[in-house]
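Okay, got some structures for you below.
Two complexes are shown next, each including chain A; its partner changes from chain B in the first to chain C in the second.
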Partner chain A sequence: MIKAFFYKEWIKTRKYFALVVIIGLILEAYMFLKLGRSFRFAGYEHLWDVVINKNQFLFSYLKYYPFWAGLILGILQFLPEISNFRIKLSLHLPLKETRIIFYMLSYGVISLVILFVLLSGILFLGASHFFAKEIVSNYLLTTLPWFFSGLCGYFLFAFCAFEPVWKRKLVNICLSAFLLYFFFITDFPAAYEKLSSIIILCIIPLIGITMVYYSIYRFKIGVQASYR
Partner chain B sequence: MQAIIECKNLTHYYGKRCIYENLNFSLPKGKITGLLGKNGTGKTTTINILNGFLKPYSGDCYIFGEPSYSLSPKTKERIGLLLEGHIQYPFFDIVQIEKFYASFHPGWKKEYYFELMKKLNVSEKQKISKMSCGQRSQVALGLLLAQDPELLILDDFSMGLDPGYRRLFIDYLKEFVKAENKSVFITSHIIQDMELLIDDCLILDYGKVLLHKPTKELMSRFKRYRFEDKGAFKSGTDFYNTETIMGKTETYSFLPEKEAIIQIREKLPVNYEIINESLSLEDIFIGLTGKY
Partner chain C sequence: MKKTEKIKYLVFVLLIVMFSFVLPLLWKIITDDTVSYPFTYYSSVNKSFCYIDYSDKEIKRKDNLGNTYTDKQFDSILPMFYYRQLAIDGNLPDSLNGLDLSVKKIRMNNFFFRYRPANISRPGIKLYRLFESKSGKVDLEMPGDVFRMTIEGVEFINPENNEVIAGKSKQYSKILMKLGYEGPPKVVGCNPSARKAYEEGCFIVDQKNQFFHMKMVNGKPFVKKKKLSEDFEPVHIANTEYPDKRFYGFVFDERNNIYYISTDNYKLVKIPLPEFSYLNYNLLIMANMFYWNVASTTQKGKTIYAVDAKHLNVVDSIHYLPEKNQLKAFSKYIFPGALSFNSHKSKYLESKLRFEGFHFIWLNIFLLVLYNILLKWRKQAFKLPVLIGIFLTGIYGFLSALLINFEK
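Let's turn to the complex of A and B:
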């Protein structure tokens, strides 16, 4: 049955999500082309100075991409479900509701993780070509919260979308914006390297998942559902 | 007879607005029951409660003996649900949607679905989002028939359909119910269609069940009486929705014909001519609930 759910979500998202992947690849290609060009024109010494002494992060173009990728996937997946309350069709399938939601979210998480691993892999290989191991690992650590923001944006969109009451939806949007802020506090290299930061980064998506279930629960019991 | 749906003391409010209070009814197995009511009497609310998409303010609702708000997967498998407006997944084409649903239902009968799809004359690659309302209704119906559930719950099946598609829908439903152990709970705005289809009639009025009777009984017993009395007639408890327009009165009653006429004459000062009429289900509905 999980196959059937993945099939449904794949049909729903394939074209636009392919576009998101292509944009991600183009973005990385552009960053590396620009980096190579800078090395050629400004020289290694200058760029090493910028990176090491001035702590500049050279892949900032990537900063909001994972968030947008997560958000767009959420929109593609869940907007058709909430329009005309089509989610009722999914919830009526002969499975437990919690499992139905789990399968739907799993598709999104797996898709995003594959995309982010691919982009991180390219980033790792590309950066390794130019920089020392320590700088590359610092760079990966810098992008980690951004990739987490992608997952979180995905969950939080579902959290807001499934909420049945409009006023509450607005509260959810504000709460989501607040939680997402934590991922973008700074792009200082490896600013989130402390364990406590990493734990917070892991906790926020977990909060996101829990909140999706909460919204679905509220939808399911028909909280203030006079409009449907 | 075994009850397939049972609602006990069902009460629901939207904010402070009471939809109904202490609603009680049960539906027997093997029948088509029509839920009729004016707008805002709680038909869709009832369907939502039955499918577990709305928790009632108080009271209990059971389907196949299980509380409707927590139906097990096995019970959901036994129920086919048609949402208002024939809502289906618009991103699928007609082959993809069949493939999707077939994975969930072990007794899936794909021949029922494809038989209907042949009649639509659409390409296999046609997306549901690009179909007309009538075509979408056939896709939704085909999927329900292929699921072969014991109970069908249909919310306003006639919405947006032209007469041809409505009739096609009804014909297929009738055939479906002929099979053993099939039950249907159905709402529609077009009461003419229900007349062709339903065995039992459950009529909701604001806040309560007005009536729950076999359709045949309703159609044979409920009559309309018309007379020109210039508004002299005062209806008692046996008469429904008496209305006088420009000196002509009409009233409705379940009383046997002779008795009704005697009672009307007793209340009239002059011996006016009384015309009594057999009614369509739509007229009966208006007679019971009023025009306003």
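Let's turn to the complex of A and C:
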């Protein structure tokens, strides 16, 4: 059954998600090409100086990519499900609905985690080649909230999309926008390095997952507009 | 309690958190106004604070003794600040308070030092730069490497190939270890700017509270050590490298004291600042050969101390309160606290809940009654956690409760 679920999700998303992955790889390649150009024009020492003393982040092109990747995967996976109430078919399978939703979300989470680990790995290897470990860790910490925003964007799209009542959908969108805002509050490199911020970064996706279950529950029982 | 009901309460709490961030922020955007204080400088001529008052449409130049000045007169009572204008006009006095004056002498002794809490409270990359301090050239040249402090000493890295320069690292580490250095350092103070009069290297405080002065002289390491007292906990070192070479820089300690590191055997000389907190106060020192104008600013106001430059004792002080913004102040009657994630005091992302007393309690009670009336009108039963939520969080809880139906 798990295989069948994963296969269904794979069929739905493979082409467009492959495109998202390719765009991510092109984006990283472009950033490193641009970095190489900056090294040639400004010199290694100057660029290190800009990074260390002027708090310049050289990979800011990556900022919104994980969020869009998560959102697009959410759209690819869940939009076909909510159009014509197709998800009701899945929810009527002889399995607990929580398990069905778990399989669906697992596919998305695994896909996004593979993509983000791949991109972070390239970033880590590339940056380690050019920069000292202090700069590399600072850069990875800077991108951490952005990658979390990708996971959250995915969950929160599902949270909003499955909500059956429009009025409530608007509330969900506002709440999601607020939760997502947390990942983009500041551009200062490694501003999220304090433990309290990292804990919040981890809590928000958990909230997102919980919300998805709630929306799908409301969707399944067929909450009507009059019930809000 | 059912699972779905639990999730409803979770949404309720999240909406409260959202409103406690969004509503005060909107209120701030609508009501925010700049807080400005008059430019104030202690006069070495009439020994009183002089200030430019912008509060009326007309700019008034006054002193604390009640005198009003014209533009030219104001320049002449503040010769340490307007010395260039006075020199152009030919009005710079030859001597003042028994000391000869010249543009060069004034420039040598004047300095501006600015500190903000965000200077300390920020994530940073712990790589530093050591310039050649005796290059014999007017401008400092980039050294071609950066260094990190390690447990065993120093590691110089060449940015060209991102590799450790073994020879130079060993040279410096050997001297540090010989002097008893124990890493990693608690505080490192380096000025990375190449735009300074000269290079005095870096100051390091190690785990044993030993103070090291490390610089590069003719390509070779120069390291000096001084033991600090056990209870002295430095939190920040700001290298200054000012032309008069009276001190190397400022040290801020955990007890909110500020010292300068004297060039006379690294003595730490305390700067008198009766009220200061390195986490909350902005600091500006405008110094001249007679007096230091030490200004500390918070949201509660600005205090300027006139400090005798020679003996470092406070001779006068002046305090300004911020102008009252009635609309902004009214927020405490509406909002029971405000959530924020960033502030000008820190570059870190930190969640903070600002609380300004219980002025909001009457609105909370009113909203609680209103919510009960609404429930009766809708013929719905009340939920105790929601009522408690509204009572505690007022407008945030009320709006959140309106958006969620706890009945269905």
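Just so it is clear, the second predicted complex is superposed on the first by the 224 of 228 C-alpha atoms of A that agree within 3 Å, B and C clash if a C-alpha of one lies under 4 Å from a C-alpha of the other, contacts with A are read in each partner's own complex, and residues count from 1 in each chain.
As a working rule, a contact is a pair of C-beta atoms (placed from the backbone, for glycine too) under 8 Å apart; a residue touches a chain by one contact, two chains touch by 3 or more.
Remember, predicted model here, so these are calculated numbers, not experimental data.
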item	value
When chain B and chain C are modelled together on chain A, clash or fit	fit
Touched partner set for A:R86, first chain B, second chain C, both or neither	first
Vertex chain A angle, Cα centres of chain C and chain B, expressed to the nearest 10 degrees	140
Which superposed partner A:K34 touches (first chain B, second chain C, both, neither)	neither
Contacts of A:N138 with chain B and chain C, given as first, second, both or neither	second
Per-residue touch tally on chain A - higher for chain B or for chain C	C
Where chain B and chain C come nearest after superposition, their Cα distance in Å	10
Shared chain A contacts, counted only where both chain B and chain C touch the same residue	228
Touching residues (chain side chain B, partner chain A) in the complex	14-15, 17, 44, 48, 51-55, 69, 73-74, 76-77, 79, 81, 83, 85, 87-92, 96, 99-100, 103-105
Residues on chain A engaged by chain B in the complex (per definition of touch)	1, 3-4, 7-8, 11-12, 80, 84-86, 88-89, 91-96, 219-222, 224-226, 228
Complex contact set, residues of chain A against chain C	44-49, 51-53, 129-132, 134-135, 138, 141, 171, 174-175, 178-179, 182, 185-186, 188-194, 196-197, 200, 207, 210-211, 213-214, 217, 223, 227-228
Complex interface listing, chain C residues touching chain A	4, 7-8, 10-11, 14-15, 17-18, 21-22, 122-123, 125-127, 129, 142, 144, 146, 148, 157, 159-160, 162, 192-193, 341-342, 347-351, 403-405, 408
